[in-house]
Each structure stands twice: as C-alpha cells, then as structure tokens.
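Take a look at these structures.
After this come two complexes, each holding subunit A, first together with subunit B and then together with subunit C.
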Partner chain A sequence: MTDSNVLLAPSTGYLLLALFSALWIGLGIYWGKKNKSFEDHALAGRNVGLALGSATAAATWITSNTTMLAPQFALELGIWGMLAYSMAAFGLILFAPLAKRIRTLMPHGYTSGDFFRLRYGRVAWGIFMLFTLFYSLTWLVSMAMAGGILLEALAGIDYVWGMTVILAVCVIYTMRGGLTAVIGTDFIQTLIIIVGIVVVGFAVLQNVSVDEIHANLTASKPELVHVLFPAALMAIFNNLLFGLGEVFHNNVWWSRAFAFREGVGSKAFLIGGLVWFPIPIAAGFIALASGALNVAVPSPDMVGPLVIASVLGEVGAVAIFIIVFCSLASSIDSLLAATSDLLVEDVYRRFLKPAATPERLKSVAQYITLALGIGTWAVCVPRIGTLASVLFFAGPLVGAMIWPIVTGLYWRRANSVGAIGGMLLGGGIGLISYFTIGWFVASTIGTAVSMVWVLGAAWLSKDRYDWNLLKEDA
Partner chain B sequence: MNFSSGFLTILVYVSLVWCAISAAGLAFMLVRDLLRGESW
Partner chain C sequence: MSILPGAAHAEAPSFTNGGEYSSDTGHVLLSWEADQRVTLSIAQDPDMSDARTLYSGTQTSYFLSGLSDGEYRLHLEGENGEVSEPAILTVAHQSLAQALWLTLIGLIITAGIIATIVRGARDD
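And then the complex of A and B:
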C-alpha cells in the first residue's frame, strides 16, 4: 500500500500509536502494583465494582469486528444486517443471570474449565478445552492480524510493525497489570469508542440525511431495505446463537463473573449488553451512506473508514484510527489474560503443580501471557490472510457448548453423557452444515443438535448432581 | 415490502442517542463508585 491511498499521514499514525501505547503501558504498570497473588492478577481480587464491570463487559465485546465488520454487514445485508449484528448483545444480556449463578455455585472458582471439570468430568473438560482454545487462539490471531492490516490501511504503517506494536503493548500491560489493568483500560477504551462513534455518526448525518440514504438504497440496492431479506434474516439467528455460545463458554466472560464483587455480576453484564446493543447500528449505518455520498468502496471491510474519511477528512481518519486501536486493545488484552488464566489454572495448577504458591502462579501466568503473545506474533507475521472465516468456522463449536453450560448450571439431571455428546454431535453436524449449506446456519444447526442431545440425555438420566461439588477450595 | 425512511431515521437516531446516554451513564457510575470507594 502506498502513502497516497491511505487515510492518514504515516507520521500522524505513528504519533497516535506511540501516545496510546505509552498510556496503556503506563496504566498497566500503575494498576499492576497492587497485584500480589494469582487471585489478584487473574481476578482483580474478586472485588470489581459496577461501573468498571459494566464497561469491561461492553468493551471486550467491542472488537475491531464491531467497528469494522458491522458496516460491512450493513453494506451487504442492509438494515437487517445491522440489527443481526446487534443481536450479539444478547450474549451479554442473557449471561447476566448465569454470572450470578456462577458466583453463587463456585465462590472459589477461577475459570470456565473449572466448571466443566467439576460438573462433567475429565473427558468433557478435554473436549471443552480443545474447542475453547481453538476459538480463543483463532480470535486472538485474527485480532492481531486485523490490527496490522487496519493500521497499514489507515495510516500506511507497515503491517508487521503495526501488528507487533499492538500485540506488544497489550502483552506488556496485561503481564504487568493482569485483569486489573485489562478492566481499567477497558473503561477508558469503552468511553473513547462510544464517544467516537457518536461524534462520527452525527458528523456523517450533517452531510447526508437519512432520507437521502434511504432513497439512494431504494433506487440502487433495494434488497438492503427489504423487510424479507432471507440471508439477513437467517444471519439474525446465527449471530444471536454465535454470540450466546461465545459468551457462555469463554473464560473471558467467566473470569469476569468470578472477578466482579458479589451482587455486581448480573447487573454489570445486563448494563454491558445494553451499552453494546446500539453500537453495530450506530457504526453500521455509516456504510449505508456510502452510495448517497458517492464514496467508492473497493473493499467492503474498509467501507466505514472510507466514508468517515470522505466526510470528515483527516479529523475523521484520526477518529477511526483511535476507535480501531481501542477496539483491538480491549479485546486482545482480555483474550491474553483469560487464555493465560485458563492454562495456568486448568493445566499448570490442576495437572502439573497442585502445590504451587499464589506468587508462583502469578509469575507463571505472566510468562504464559508472554508466550501467547510471541506465539500469536509468529503466526501473524506471514500474513496468511483474514481469519474471519475461521472464526465463523468456530460458530458451531461454541454453539454446541451453550446447552451443556446452561443445563449444567441449573439442572441437576444434566450429565456428562449429554455434555460430551452434545458438544461432539452439535459441533460435528454444525461443521458439516457450515460446508454444505453456509456459515449463516452453522451455529443454529450446531446449537439445535446439541440441545436435543443434552435435553434427551438429562431427561433419561437418573443422576442428580450435588451442587456442593462445585464449591471446590481455591 | 421495504423498511420506511421513518423507521431507518428512528433506528439511526435512537442508536446514536442511546450510545451517548450509555457513555454518560458509565462515567456517572464510575464517579459514584469512586466516591463510595466501590470501584474495586
């Protein structure tokens, strides 16, 4: 990419990158000073309040996909596309009661892996670990890769340099500050992203009215405003279930359920979901304005930045650069922290060193965060292309974990036969439908198959689980 | 049958205002938590 077709001068890009990198690392080091043990590092002392809790739930769910892919969804699937993307908010909203239940049932818990091991045994735990590590590492790599690609597209910063800086910054402040730094920076990042989207959205509306956008769409792409757009309607259910599966199973969210102060979890996830819900619409409608504004869109995934830069010039380009950087950091840091905690708690402590001291566990968590960062960097350097399709590939796998988790938390009859079969059959048949039908039905089918198996196995079971078994000592 | 221009207008403006209120609400909540010593 040459400097002539980027949206922002490279010198401005490097300056912004340096400023925000210094800010996040400085805050991470400052907040990390109070972390003494693994519990402090991994769960912020289990004492996070409502404001920081709500913001971190929303921020972690605002990935670069939310700010970049939502406009693409709107461009390709129209009004239903924006609404379909917003459905992912229900992952957070419906996790709210689960967060309360998790905190009550597992007062000493650390990870979602703890739940699978204690509730369903080692085999189910092993399958869960395979699914969740595949998903988490794919998400992590796709975010880091997206970071490099976006910084290059926005400001002409070399792909490897941009990706390296974003990853290095997140690794440093997550290593030093643990979940405390992740949650603290998430709050600032949430406000920057939301305010940025509001300012940019109203600025676009100063240049083109919604009536003009609607008239242009009706004339040039009528399917985008059609009430019955089949692919978009199917995408609603797929995104809803993909969102549920992602949030319900992933340690990113479970670690927060354990970290929030007692009584805060359900409110924080509900508020986080409500904060997140309008963002894909506010970010997505900008893409619908591209036709009315005569903005050429050579690549659909760049439609948002192109429209904003066209309307607002360099100020808009600066805004989108900051929004994208914050979106990436708020997700990468959470994935690094949660995946590191999962490996420390579920593999190192439970299998390798059960007698490890809290200080030693904290130290191991920091080294694993560093190793994850280096591994991710090594995978990203060759720039093998977008991993968005691989992430959708994980949809049926995460969808297949919804029912084992929900029934396992509320229903004593739920059992390991149901959980194992539900994950394997749901994931397997969901993947087959991914290849034979399409991504937009894979999660729905995987979830449905898993549901039938899990409910059937529970219905036929005579087992009654003892909830006290989940209260394992730390 | 198409979505009307009015519907799209409501959708866009409500989402932008919703975002603005969310940001203000989060900032207010943090100040309240800090004053009560309940931020973390």
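And then the complex of A and C:
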C-alpha cells in the first residue's frame, strides 16, 4: 500500500467554506424575519409539516459521526460494526410513537426538562439536566472538534480557523433564525448528504467489486467478517441503546415533537429513521473497501475521506468536504437551538424570570446560543480527545434515562424513586463498565441496571400519577 | 558524496511505544519515528517467513484492524535498508461468552422497551 494524497487545494477549501457559510447565514436571516416570539423562535410556531419534519429528523441524526465514525466502526468492528451503527436508526423509529404521546400529554410543553420536572419533581429534573447538559455539550464539542480536524485534513485549513468558522456560521444563523432556520437548512443539507453518499457508494463500486472486498477482508482482516467477533457483537445492542437514549431524552428531539404540526410527529420520525438507516451502512461499506483499494489508513477516523479521495480524486475531496460541512452544520445548529431553549425554558423562565415577555425570552435564547458557541469554541481550541472516546463517554448516562422516560410517558405507577435511582445507578454502573470493560458495553449495562431499578420501583409503588399535571399552561 | 546527506545518515526507524502492543478488539494504531520512507510488514512466524507488507510510504502511523487471536511481529524497514527492532502485537479478543450474554441482555432490554411502547397506556 502506498500513500494517498487526500488534500484538497486550500484555496478550493476556503472557497467552499465561504460559499456554504454565506448560504446558511443568508437563509437563517431570511427565515428568522418571521420569528416574533420565543414560541416562534424555539418551536417554529408549532406548525412544521411532514416534509420538513422528516428531513430535519434525518438530517439532525446525520452528524459528522455518521459520515466519519460509521466508516471507523466498520474498519474496527467489521460487518457487525457497520450494522451496529445503523441500529441507531431505531432511536428515531421508536421515538415516533413517543412523539405522538408527548404531544398529547403536553400540548403546551417546550422541553424535555418540562417533562422531568412535572413528572418526577425537582431532584429528578436536576439529575436529568446534569446528564443532558453533559451529553449535549459533549456532542457539541465533538462536532466542532471534528469539523476543525476534518477541514484541516481535507483542505489544509488550519484547525482553529476551520472549527471557528463552522461554529460561527451555525451560531449566527441559529441566533437569527431559531428552529425555523435550523429545520429549513436541515432540509437542504439532507438532500446534499444523501445524494453525496449515494454517488460516493456507486463510485467505490465502479473501482472494486464486492467479491474483491470480501476476498481482501478474509485474507488480511478476517475478524471483520467473522460472525462471532466479540467486541462487535457487544456493540450491536450497545449502539442501539445508546441511540435510543440519545433521542428519547434530548431536547433536540423533544423540541421537534412540540414543533411539528398535530399528527405529523409520529410519521416524520418514522420516515426520518428509515431514511437514516442505510446511510451508516453505505458509509461503512466505503471503509471496508479500503484494503481492496490499497488505501493506507493513518488514523481510523480518516478512513472515509481517504477512500473517497482515492476513488474520486479532487471531485471526491470536494464531495466529502461538502458532505462533512452539511453533516456538521445540521447537528451543531440543532444542538445549539435545543440546548439554548432548554436553558431558557427550564432555568431562566422557570427559576429566574417567570414573568419574562415572549420577546425577552427570544432575546435571551439568542444570547445563550451565542454563549454556548463561545464556550464550545474555548473548549475546542486546545484540541483534546478523539471523536469516539468523547462521544461514547456519555453512552451510559443517556441509556440510564430510557426507562424513566418510557415508563413515565405510559405508566401512571412510574415514580420519582424509580427515575432518580435508575438514572444514578444506571449511569454510575454503566460508567464503571465503560472503564473496566469498554465503551461497547457501557450503554447496555447502564440501561439494564436502570431498567431493573425503574421496574422494581414501579412494581412496588402504590402511587398513580395524574396525567393532567403534565398539561401545564405555557 | 551523496546529494542526499540526510538519507545517508538516516537513523533506523523505530516504533514509538517501545514495540509492545496489545489489543482485545483486533485493532491497534501503530506509530513510529522515521526520517525516511519506510515499509511496514507483519508476520506471525518468529523468523518473519510469512511476512506480508502492510504499508510503504512516508506516513508515521498506520491503523491495523480485523486481526484474529495470536501474536504478531511487526517490522519497519527504511528505504536504505535499516530495519527497526520488531514490535510485538498480542491480540486476545474479549470473551465470547461475555459478548453473547451482553447481546442477550441487550435484546431483552430492547424487546422490553418496544413492548412497553406498543402496549401503550392501558391504565389511564
């Protein structure tokens, strides 16, 4: 195997960066003109239709991790790893019925924090806030870092400059356009990403056949096609549960459940999940072809760009640059908007200024978005950690929140003792297993412990929750 | 007199972590120091009789994955013939029994979540 030149000319990289930055900011400002109140800004007027709803569900879930980490999964864990990553689609698919239930139970709700506060009380809400902010900020930081690293690797753009531009663009259009801009740009980004991945997949198949890929893997990387590959087997349900935990708890998805028009949520999340499902498989397939294509991989998180550049040359480098930029923007904007709304609704409005006007709340949301952007930038500048390790540290924490949420939405006997114990025990023991066994078991173990505790507490409980308490007025 | 004095006095390439690697997942990121083009080879026989080339070029790292249980020897050879001390990579995968148990637990949890959602709120 020999070296591959993957670098796009920096001038081309800067040109693409400038063009797409101008496009997203322009659209954000245009769409933001209609926003007058916090409800317009945070929930797009609760009137998002099916096409935009499905696209935003798929696009937000297509992160740079989908396009970059899915190939890494395939390269490390083989066929099972590729399928394991695609299991995260069940997060969206199973959230479809939850979205309908959420909208029915909480017609005036704003955030997932509202649910924890009203359903389980302040202590559970506090633990939820700690876990979700850790997860959201970790995701935000990992996306921004990935952006800087990838732009540097693809086009020689300095890490700090690339990371700064991506963050700044997302902060500007999210501040100006709120969820309307986030969802609108997501729609365009989804189309670009799907077309890009399909084109790249066909291009790889033009250069090497499936038989050649299989023969190469069998000869030089046999474990990647082995049915009983232990770490890969453990990763399947671990990743599925991680995906479920991410979607079920996070305000990125709850805000969409509240924003979608009546009757749209369940269909939009189902379609979004089905659209998303094949993307990690296509991205992972690209990585499995690396050996047959003689592409040497100096670092696992770069396998996708290296193979694409090897197959498509400069056109491929341009394609992956655009796909990466769209993947990053579609996730960073959603995280900025949803985390900002969570802090405005759950902290500012509920604790500090209950009488704040809708205009004031919108203004505070914009400042918090800016502060989140600056904070993320400050954490990212030193360039600490790797894509996978930063992301998976949060796995057991989000897994431990699945059962408190599912039972809290459907069972009147689910209670705060179960929710608090489930989150603390599941998160704690899951983290211990993360360090003692590996990331590929942490979410499974965290969710299992939480499940046992939550079910036990519900079984022993004589309390019956009054669903009307969730219908708190805005 | 050489027109490439750097190459003439190049030191033998060397693995950066002292040449000891272990993995329970079959993958490892190899890295080395070299001031010249290198060829990286892997073998399972101590005498390297079954060696195969993994990489040839100027990179200073290589991601190796998909290896089965066993002990592997890795060599770096510079373009002027200097050879590194061999690195030893020991691969011992996680317990298959543990993996199958955790897969079963994951399946049960997932089935429980789906059943809870599908069953819905019967006690409203």
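The rule is short, and it goes like this: the second predicted complex is superposed on the first by the 466 of 474 C-alpha atoms of A that agree within 3 Å, B and C clash if a C-alpha of one lies under 4 Å from a C-alpha of the other, contacts with A are read in each partner's own complex, and residues count from 1 in each chain.
Please note the rule applied: a contact is a pair of C-beta atoms (placed from the backbone, for glycine too) under 8 Å apart; a residue touches a chain by one contact, two chains touch by 3 or more.
This one's a predicted model, so the numbers in the text were calculated from it and none came from an experiment.
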item	value
First, second, both or neither for A:G438, with subunit B first and subunit C second	second
Subunit B versus subunit C as contact partner of A:P222, first or second or both or neither	both
Partner chain(s) touched by A:L205 [first = subunit B, second = subunit C, both, neither]	first
Which superposed partner A:L274 touches (first subunit B, second subunit C, both, neither)	first
Contacts of A:P298 with subunit B and subunit C, given as first, second, both or neither	second
Touched partner set for A:I236, first subunit B, second subunit C, both or neither	second
Common ground on subunit A, meaning residues reached by subunit C in one complex and by subunit B in the other	222, 226, 228
Contact set on subunit C toward subunit A in their complex	24-27, 29, 52-63, 65-68, 93-96, 98-100, 102-103, 105-107, 109-110, 112-114, 116-121, 123-124
Contact set on subunit A toward subunit B in their complex	44-45, 47-52, 54-55, 58, 79, 82, 180, 183, 187, 190-191, 194-195, 197-198, 201-202, 205, 210-211, 213-215, 218, 222, 225-228, 261, 271, 274-275, 277-279, 281-282, 285
Complex contacts: residues of subunit A adjacent to subunit C	1-3, 75-78, 90, 94, 97-98, 101, 217, 220-224, 226, 228-231, 233-234, 236-238, 240-241, 244, 296-300, 303, 402-403, 406-407, 409-413, 437-438, 441, 444-445, 447-448, 451, 464, 467
Contact footprint of subunit A on subunit B as seen in their complex	1-5, 7-9, 11-16, 18-20, 22-23, 25-27, 29-30, 32-33, 38-40
